[in-house]
Amino acid sequence: MTEIALSAKQLNVHYGEKHAVHDVSLDFEEKEVTALIGPSGCGKSTFLRSLNRMNDLIPSCRVTGDIWLKDQNINGASTDVVALRKNIGMVWQRPNPFHKSIYENIAFGPRYHGVKNKKQLDEIVEQSLRKAAIWEETKDRLHKSALALSGGQQQRLCIARTIAVKPDVILMDEPASALDPISTSKIEELISELKQDYSIVIVTHNMHQAARVSDKTAFFLNGHVVEYDKTETIFTNPTHQRTNDYITGRFG
Amino acid sequence: MKVWKGNLLKMKKSLIVTMALTLSLSLAACGNNTNSANNGNAAATNNAPTNNTASADLSGSILASGSTALQPLVDQVSKEFMEKNTGVSIQVQGGGSGTGLTQVSEGQAQIGNSDVFAEEKLDADKAAELVDHQVAVVAMAAVTNKDVGVDNLTKQQLVDIFTGKVTNWKEVGGKDEKIQIVNRPASSGTRATFEKFALGTKTEDLAGSIQEDASGTVKKLVSETPGAIGYLALSYLDDSVTAVKYEGVDATVDNVAKGTYPVWAYEHMYTKGEPDAATKAFLDYMVSEDVQNDEGDVVEMGYIPISKMEVKRDAAGAVTK
Amino acid sequence: MKKSNDREVATPHLAEEWVGKVYTFICILFLIITIFSMVYFVASKGLSTFIVNGVNVKDLLTGLKWQPEGEPPIFGALPFIFGSFSTSILAAIIAAPLGFCAAVFMVELSPKLGRTFMQPVIELLAGIPSVVYGFVGLSVIVPLFRDLFPGQGVGIAAGSLVLAFMILPTITTIATDALASLPAGLKEGSYALGATRWQTIYRIVLPTTLPAQMTGIVLGIARAFGEALAVQMVIGNAPHIPHSLFQSTSTLTSAITLSMGNTAMGSVQNNALWSLALILMLMTFVFVFIIRWLEGRKKL
Amino acid sequence: MSAKTADKVATGIIVTITGLIALALIGLLGYILFRGLGHISWHFLTSPPETIRKGGGIGPQLFNSLFLLVLTMIITVPLGIGAGIYMSEYAKAGKITSAIRLVVEVLSSFPSIIVGLFGLLVIVNKFNLGFSLLSGAIALTIFNLPLMVRITEQGLRSVPVQQKEASLALGISKWKTIRSVQLPIALPVVLSGSILAAGRIFGEAAALLFTAGMSSPRLDFSDWNPLHSDSPLNPLRPAETLAVHIWKVNSEGLAPDATQIAAGASAVLIITVLLFNLGARALGRYMHNRFTASK
């Protein structure tokens, strides 16, 4: 039984009066990919954003319940939010590299977290770019602006940036839905490789993608988790009728 | 581009540091300023006044502020004085007689320039503390627009004009033209002197009268407005306006000196109690021969030297020979 | 490869976070302290006329005679209040339509010409110092009015024309922003119904942007109300309510500029001027509240 | 009158009115420049003013205006950016923030004469900084701060929220995120805004009459130690700026060529303000494509 990397207990999220997430409890195995699927507006992204407390940026949003990262309750009031976010990386739907050079994009995090000498930084930059399978395309223009890269390259740069600070978990909010098919398949290959080092939680609309990359899948509907099981069981014989209707595309 | 931006951020940090520095410097400089004689604001360069042996090693900084009419003269003379006494730095501010008198009585300035006696602006106890130094005399002449056709006005005619009884120039022997008064605001020292010595009474601000505190603007309005009348210090008189004789007497330096032309006033440089060495030296220099004689600044700038005056006048206006 | 990251090592951010919060808080604190000390000082000086020198508030606000040097001194500030209001509102009446036309031209008729030519010129106008406006007003507008119209040339007309020039940029920029931020669909809908451009403008564009336009106009009035040096040179400064637009009168700011230097601090004449400054300040608050109220309506 | 002709007439009116405005503006600028340009010469720009003789220049005044501008921006930029960051990043929405926003709005529409009087009362007399560059700079800071706050907020609003989220997600503190990610992107707006604000300061006179003073002591440009009383860099010396000089020469000018000096100084002022505007516009464009479309 592999260790639990991250687990949410009785998690509720309110936007003003709207109750977006209802008592969700999920455990994410270490070094596994868990996919969160469900129709749009079912609260899966909101749930994902609560895991690294990105919802704190939204004034009217209230997150209750516990989120355990190893032995630390993330959602506790006294948690040092900044330190926690270092351990949980995040990648968004639209690539958002910094308006800086490729090198600076990667080095920005580690340098802030205490890696001061240049040689070590260069090493981290190269390592991260290699792991994000983008080293070959960028190694000779490291000091050019990151905005000059294509969409797919930028997304992989964001992934490289995230792993440069060595998080335990990486959250991905529909990482490939804004990319062309070739870049999407590259991202999917990358995710299955990253599985060896990081636990990954990915929100996606694309069920085939979920089936391809994830070990476990959770089906969200109107803020509730209808079913959470191994990916094959979800896609071959789901226990709940509503999961079956969604998988076969009858609604959503 | 990255390097440049890095510097910018470093620069921004240094900006914050310099800002904090300037602020703390200014706050340190302000300290609670007792009404000490020496000047508080140039704290950095302020050192105790030495005894006035040779004038060369006099030192200290003097602030003179107040009357804008007197400012040009004091400014000019202070430049010459500073050349002779390099250790002394003199700043001459305007702001009007009221500001000057307030600043000297509250110790913010060493010298308060004023066109009027202190008693007229400050209440008695404050005025008593001030020591008067009369450095020059300024005479005022009524001036009219060039094509009004009047070159002499009696006292009564002036009073009728400025109190609104007479409204057309033909009633005083001029062209058939409506009189347009260009006056000074009620608070102006120049107007107080003109009303006291030319009209003999205080006048109200008439509806339709134009008021300007600045002599330059008064001259511009009088020269451009048909049928305009106003009054200017002698130093402002030129051919763009007609200077009117007062009771047949021309507004000239000699008539003022002899006392036949009564519309004049002293230019006062007040100090609070006895002035310190540097200020005393400067005030003595103001009334010294090479400032007051015919080639000196006083005459050149249109004022009348104090030494030339054969008549004296005290605050109440009584003239003594 | 993944080293177990101990959480204690990298916590530089706690100190840094504190630095950020404290620095920005000090800056905003400076702003708040400034405004409150300004209100305190102007109010304390302004009110001392009534408290220390016993001048009656009603006389000051409604009195028609302003004789600070008379025995006894009379402080009737109504002429100044009237002067300030009439010049500012007249200036807005002149500048508002001009501003609206310029804005419509720049947004609707020919945005290209508007952006390349009109916009820089209007912005430059906003940069011209008020001293220069006064200088031009005194040497061009006053003589012009003296020849064209009966009267002295100076007065409310000259004052409001100078002010109209000064507040035109404020009104035009805000009007342009209002027009530009209009949802395009609104206009297309009206065109689709076969309306001409002018009908679209006065039936659709004007009503919907009216609150925003009004904000610009009120802001313009506020700026005109507070203008000192330029007005003082062309208004004539007689402390009376004029009988015509071309008769010398005075405004709150011109009275302050004219006599503040000549009066001794602490004297009743000086305090009376500070009371005028207090009236001016209260009017600024009134204008801001009107703008807030207008902005409230815009969101409905 | 059919809608068609009404439309034509209306368009005609709008175009003529705009044409009239443009003509009036160009006429105004032309009038000032025409009257002043003739008088501008190197001598005029560098020599000190003459009280009564002809041929006075505006050297010290021009230097004072520029130096006062630098001093003011040194104080205003950090304060303005700090306050702007507080308002857009740290202020919790609610009663206090809207109250502060109200305070900023009131301060921005304060008449400059009141800022000048406040300067005289508090900065010059109570803090006893006297008529000096520093008093003038503080008065101008008060006059200019609200504008800087609004500019900084605008700049920060133009930064896409994804950038902030991306940085925070890496475990970067909020202050570091603001400083190293958001501010650099907001820089073009902030820089061009502050140059426009500088243009406004340059022409300000009412606020300076009672704070920076109406006289400029003789400057010896050889002595650059800011502590000496007559060195140009001493922030505690009185300094009459160009705009105040125009006001003084116009109203008290004794020199025979006073009107030409005022006209010349006004032309210099307009040209400098023009340069500030063009500079702000050019810098904004330059920075914009440096940062965004840098393909």
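Here the chain labels run A, B, C and D in written order, and each chain numbers its own residues starting at 1.
The criterion applied here is as follows: contacts are C-beta pairs under 8 Å (C-beta built on N, C-alpha and C of every residue); 3 or more make two chains touch, one makes a residue touch a chain.
Treat the numbers as computed from the prediction; the structure is a model and nothing was measured.
Q: Find the two chains joined by the most C-beta pairs in contact, please.
A: Comparing chain pairs, contacts are most numerous for C-D.
Q: What chain sits nearest the middle when you go by CA atom centres?
A: That would be D.
Q: Go ahead and note the Å separation of the Cα centroids belonging to chain B and chain C.
A: 33
Q: Using CA atom averages as chain centres, what separation in Å is found between chain A and chain B?
A: The computed centroid separation for chain A versus chain B comes out at 77 Å.
Q: If you average the Cα atoms of chain C and of chain D to get two centres, how far apart are those centres in Å?
A: Distance between chain centres: 17 Å.
Q: Measure off the straight-line distance from the CA centroid of chain A to the CA centroid of chain D, and report it in whole Å.
A: 48
Q: List, in ascending order, every residue of chain A touching at least 2 other chains.
A: 82-83, 86-87, 112-113, 145, in rising order.
Q: Show the residues in chain C shared as contacts by 2 or more other chains, in ascending order.
A: Residue numbers touching two or more other chains: 10, 12-13, 17, 23, 138, 233, 260.
Q: Which chain B residues reach two or more other chains?
A: Each of 1, 16, 68, 94-95, 106, 212-213, 217 in chain B touches at least two other chains.
Q: Under the stated contact criterion, what part of chain B meets chain D in this complex?
A: By the definition above, chain B touches chain D via 1, 5, 8-9, 12, 15-16, 18-19, 22-23, 25-27, 29-31, 33, 39-45, 61, 63, 65, 68, 71-72, 75-76, 79, 82, 89-95, 106, 108, 212-217, 235-236, 238, 300-302.
Q: Which residues of chain D touch chain C once you look at their complex with the stated criterion?
A: 3-4, 6-7, 10-11, 13-15, 17-18, 21-22, 24-26, 28-29, 31-32, 78-83, 85-87, 89-91, 100, 102-107, 109-115, 117-118, 121-122, 142, 145-146, 149, 171-176, 178-179, 196, 199-200, 202-206, 209-210, 243-244, 246-247, 250, 262-263, 266, 269-270, 273-274, 276-278, 281
Q: Write out the stretch or stretches of chain D touching chain A in their complex.
A: 92-93, 160-174, 176, 180-181, 184-185, 291-292, 294-295
Q: Considering only the defined contacts, which chain C positions touch chain B in the complex?
A: The touching residues are 23, 66-70, 138, 143, 146, 152-154, 233, 236-240, 242-243, 247-248, 250, 258-267, 269-270.
Q: So in the complex, which bits of chain A are touching chain D?
A: Chain A residues touching chain D: 52, 54, 57, 59, 82-90, 92, 94, 96-99, 108-109, 112-113, 145, 147-148, 158, 161-162, 165.
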